[in-house]
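For reference, the structure is listed below as C-alpha cells.
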Amino acid sequence: MFSITVRDHIMIAHSFRGEVFGPAQKLHGATFVVDATFRRPELDADNIVVDIGLASAQLAEVLGELNYRNLDDEPSLTGINTSTEALARIIADRLAERVHAGSLGAGARGLAGITVTLHESHIAWASYERTL
Amino acid sequence: MFSITVRDHIMIAHSFRGEVFGPAQKLHGATFVVDATFRRPELDADNIVVDIGLASAQLAEVLGELNYRNLDDEPSLTGINTSTEALARIIADRLAERVHAGSLGAGARGLAGITVTLHESHIAWASYERTL
Amino acid sequence: MFSITVRDHIMIAHSFRGEVFGPAQKLHGATFVVDATFRRPELDADNIVVDIGLASAQLAEVLGELNYRNLDDEPSLTGINTSTEALARIIADRLAERVHAGSLGAGARGLAGITVTLHESHIAWASYERTL
Amino acid sequence: MFSITVRDHIMIAHSFRGEVFGPAQKLHGATFVVDATFRRPELDADNIVVDIGLASAQLAEVLGELNYRNLDDEPSLTGINTSTEALARIIADRLAERVHAGSLGAGARGLAGITVTLHESHIAWASYERTL
Amino acid sequence: MFSITVRDHIMIAHSFRGEVFGPAQKLHGATFVVDATFRRPELDADNIVVDIGLASAQLAEVLGELNYRNLDDEPSLTGINTSTEALARIIADRLAERVHAGSLGAGARGLAGITVTLHESHIAWASYERTL
Amino acid sequence: MFSITVRDHIMIAHSFRGEVFGPAQKLHGATFVVDATFRRPELDADNIVVDIGLASAQLAEVLGELNYRNLDDEPSLTGINTSTEALARIIADRLAERVHAGSLGAGARGLAGITVTLHESHIAWASYERTL
C-alpha cells in the first residue's frame, strides 16, 4: 500500500459541552496542524498516489472553510462537539467528497482511503481513517 | 476508525543481555518519549474517543512505575530484556488493564485497541499494537 | 553562557484589531507551544542553571492564568493586541517577577536572562528575550 | 504487532516527466529523511524485533546506492519517475531482498512486513508498506 | 528583543567544487527548510514585529527565485559554492533588500536584524545572522 | 555571523546528589540528543563554516567517550553532578580542544565559538555557549 501526506493548519476558537471537558467548556482555541494522508494499492500512470499540488490545494480549501473562525458559530457545525477527533472526521469526509467529485484529478478515483490527523499540541493529536 | 494519542516520557537506566546488543550490554540509559494511542470505530456520546484528561493521567501513572529507575532492579521486570519494543508492550498491556478496570472512564469500554510507541532517540523508535 | 529550556502549552481564543491582521481580526484561536529559557553565566552550587522542577511549575502557573480563556475578555490584557510576540513578552515578564520574588528558588537570583518563544504553528513562532 | 523504526537520509537530484509535476519537471533535488519500519507479531529470543544495528547498517547501504546522485542518470532507475512514493517502494523492496538474503540476521526471517516513509519536506511525505 | 520567524522550503539540485566536499562534489540535491527570523527591540503600533503575511509572502518570493532549480545553472550564483551556510546569507541579504525597499511594509523599517536558518536534514542545519 | 550545526546522540545512566534533584537522585538515565553549533564571522575559502564531515566525526568521537556508560563510574567525571547543562559544557570544551588541536581541519582555526545543546526530552533541553 502506498500513501502520501500533506500538512497544513488552522487556527480556530471553540468551546465544548459536557463535564468531561473540564476547563475546555469555556471558550478557548487551538491551532490544529492537519495531516491529510491519501492511500492506494498501486501507483497511477505518472507513478504517483495523487497530484500533490491538487491534494494540497484541496486540503487548503477544506481548511479555509474552518480557519480563523469561532466554530461555535459555524452553521455546518451546529450542535456538534468539535473535538479534535470529530474535526478529523469532518475534514476527512469533506476531502472524500472532493475526491468523488473529481477535484483531486481523474487519477484520484483510484484512491483507497484517507486518514486525517489533527495535532492540537506537542503532546496530543487525533486521527480519523476511512475508505473511499 | 478514530484515535487519540497522548505523549509523555520516562528517563531510565538499564542494560541488556545478549551479544546482539553490543555496547548496550553495559549499564546505560534512555529517555523514552512515549506516545499512547487509543482507537475505536465510533465516538462516544461526548463525541470523543476517550477522556483525554484521564488518558494522560493514567499514562502518567503507568510511566510513574518505571520513571527514574534502574530497570535492571525492578522486580516486575526480572529476567526481561527491556528493549524499546518490549517496554512498548509492557506499557500497552498495563494501560489495557486500566481500561478494563474502568480507570479511563465508563466510555473507554468502547475502545477497540491501543498502540504504544517509544522514541529512544531522534533516529529510532518502536511500537506495540494490540486489541482490547 | 548556560541555559535551560522547559516547554509547555496553552490553548486560547482571541481576535486582533488592525487591518494588518486580515482574517485574524475575527474571533479565532491558537495553541501556543511555549518554551521558557533561563540563562546564567555560571552554574550554581548544584551544577545547574535553575531547579528545573520549579521552573516547570512556575511556567505552568503563569500559563494557567491564560489557558482555556478568551484573551479578549481578560482584564489584565484589556486594550492589548495579543500577538504571539506580545504574549511572549507578557509571559517572560511574569516569569521574571517570579524569579525576583524567589519563586524559582534562592539560586535563581543568579539568573541573567529569560527568553520566551511561542510556537503558533509548524511554520511560525515568535520570541521575546530580556535580562533579569 | 511489534515494530521498530530507524531513520537516515539521502540528498539527491532528479526531474520528473509529466505535466502533473509542473515546475518539478526541471532538474531539482531533495533531501529525503527515510524511516524504515520492521514489523513482526512476536519478538525473537533476544526480546527484539530485529538487530537495530544491522537494520541501521543495511538501511545505510541501501541508501548509499542512491545518495549524492542525480537519479536521472542511475541505470537501475532508467525510465522511472522517481516520485517520493515510488522511491519509498524501491527502498522497501531492496530492504526486503536483504532480509531474505539473511543480511539482517537469522532472527529477521521472522519479520512480517516493512514500511518505508520518505519525508521530502516539513509539509509532505510518502510511504510504501509491504509484507515479507 | 522581539522576533518572529516564518518557515518555508525549497527543493534544489547543485554540486560543490573542492575536495572537502567529498561525494557532494557530484550533482545531487537538497530540500532546505528555511526559517527567516526578523528582530526588533520594540514592537510597532499594531503590537507586532512585522506583518507576518507580508513576511511569509516576501520569503516565498525570494525562495521562488531558487526553488525547483539546478543552482549550478543559476546566473546569479555563478562561481559560488552554494553551501547551506552560503545560501543562508544569500536569502538573508535578499530579504534585507526587500525590507529596505519597503516590501515588508512601512513598519518593517524598524527591524534591527534578520537571521536565516536552512535545515538540510534532520541532523544538519546552518544559519546566517545580520543587522539591517 | 555564520553557523552550522550537526546532531548526534548518547544514551547514558547517571544519578544526582542534592535534594533539588528529587527522584533523579536515584540511578536513572537519559538519551541526550546533542546539537553542536560552530560559529564564525566569515566563511573560509571553500565558502563553508567548517568541514561538516569532520565536525560530525569529531562530535561522534567526543560523544563516544560518554555513550553507553554509567556516568557515575566515569573517572573523568568523578564528583561532578552531570546535569544536562554541565554535560553541555563538557562536550563543548572537548570540542574546543579538538578545534585547537587541528582535528576539525586547518580552516577551523577561524571559528569564533561553539554552542552545544542537549535535549533530554521533548519538553526540556540545555545549552552551553563559549568562544574559541
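Order as written gives the chain letters A, B, C, D, E and F; numbering starts at 1 within each chain.
As a convention for this text, a contact is a pair of C-beta atoms (placed from the backbone, for glycine too) under 8 Å apart; a residue touches a chain by one contact, two chains touch by 3 or more.
All values reported here derive from a predicted model rather than from experimental measurement.
Chemist: Chains shared as neighbours by chain B and chain E?
Modeler: D, F
Chemist: Call it same or different for chain A and chain B: same when shared residue numbers make up over half of all numbers used at their interface.
Modeler: Chain A and chain B contact each other through largely non-matching residue numbers.
Chemist: Can you spot which option in A-C, B-F or A-B is basically A-D again, with over half of the contact pairs the same by residue number?
Modeler: The same interface as A-D is formed by A-B.
Chemist: Just how far, in Å, is the C-alpha centre of chain F from the one of chain D?
Modeler: 31
Chemist: Cα centroid separation between chain C and chain F, in whole Å?
Modeler: 27
Chemist: Specify, in ascending order, the residues of chain B that touch 2 or more different other chains.
Modeler: Correct list: 7, 122-123.
Chemist: Within their complex, state which residues of chain D touch chain A.
Modeler: For chain D paired with chain A, touching residues are 18, 20-22, 80-81, 83-86, 88-89, 122-130.
Chemist: Note which residues of chain B are touching chain F in the complex, please.
Modeler: 7, 9, 11-14, 23-24, 26-33, 67-70, 120-123
Chemist: Give every residue of chain B touching chain A within the complex, in rising order.
Modeler: 1-8, 43, 46-49, 51-53, 56, 105
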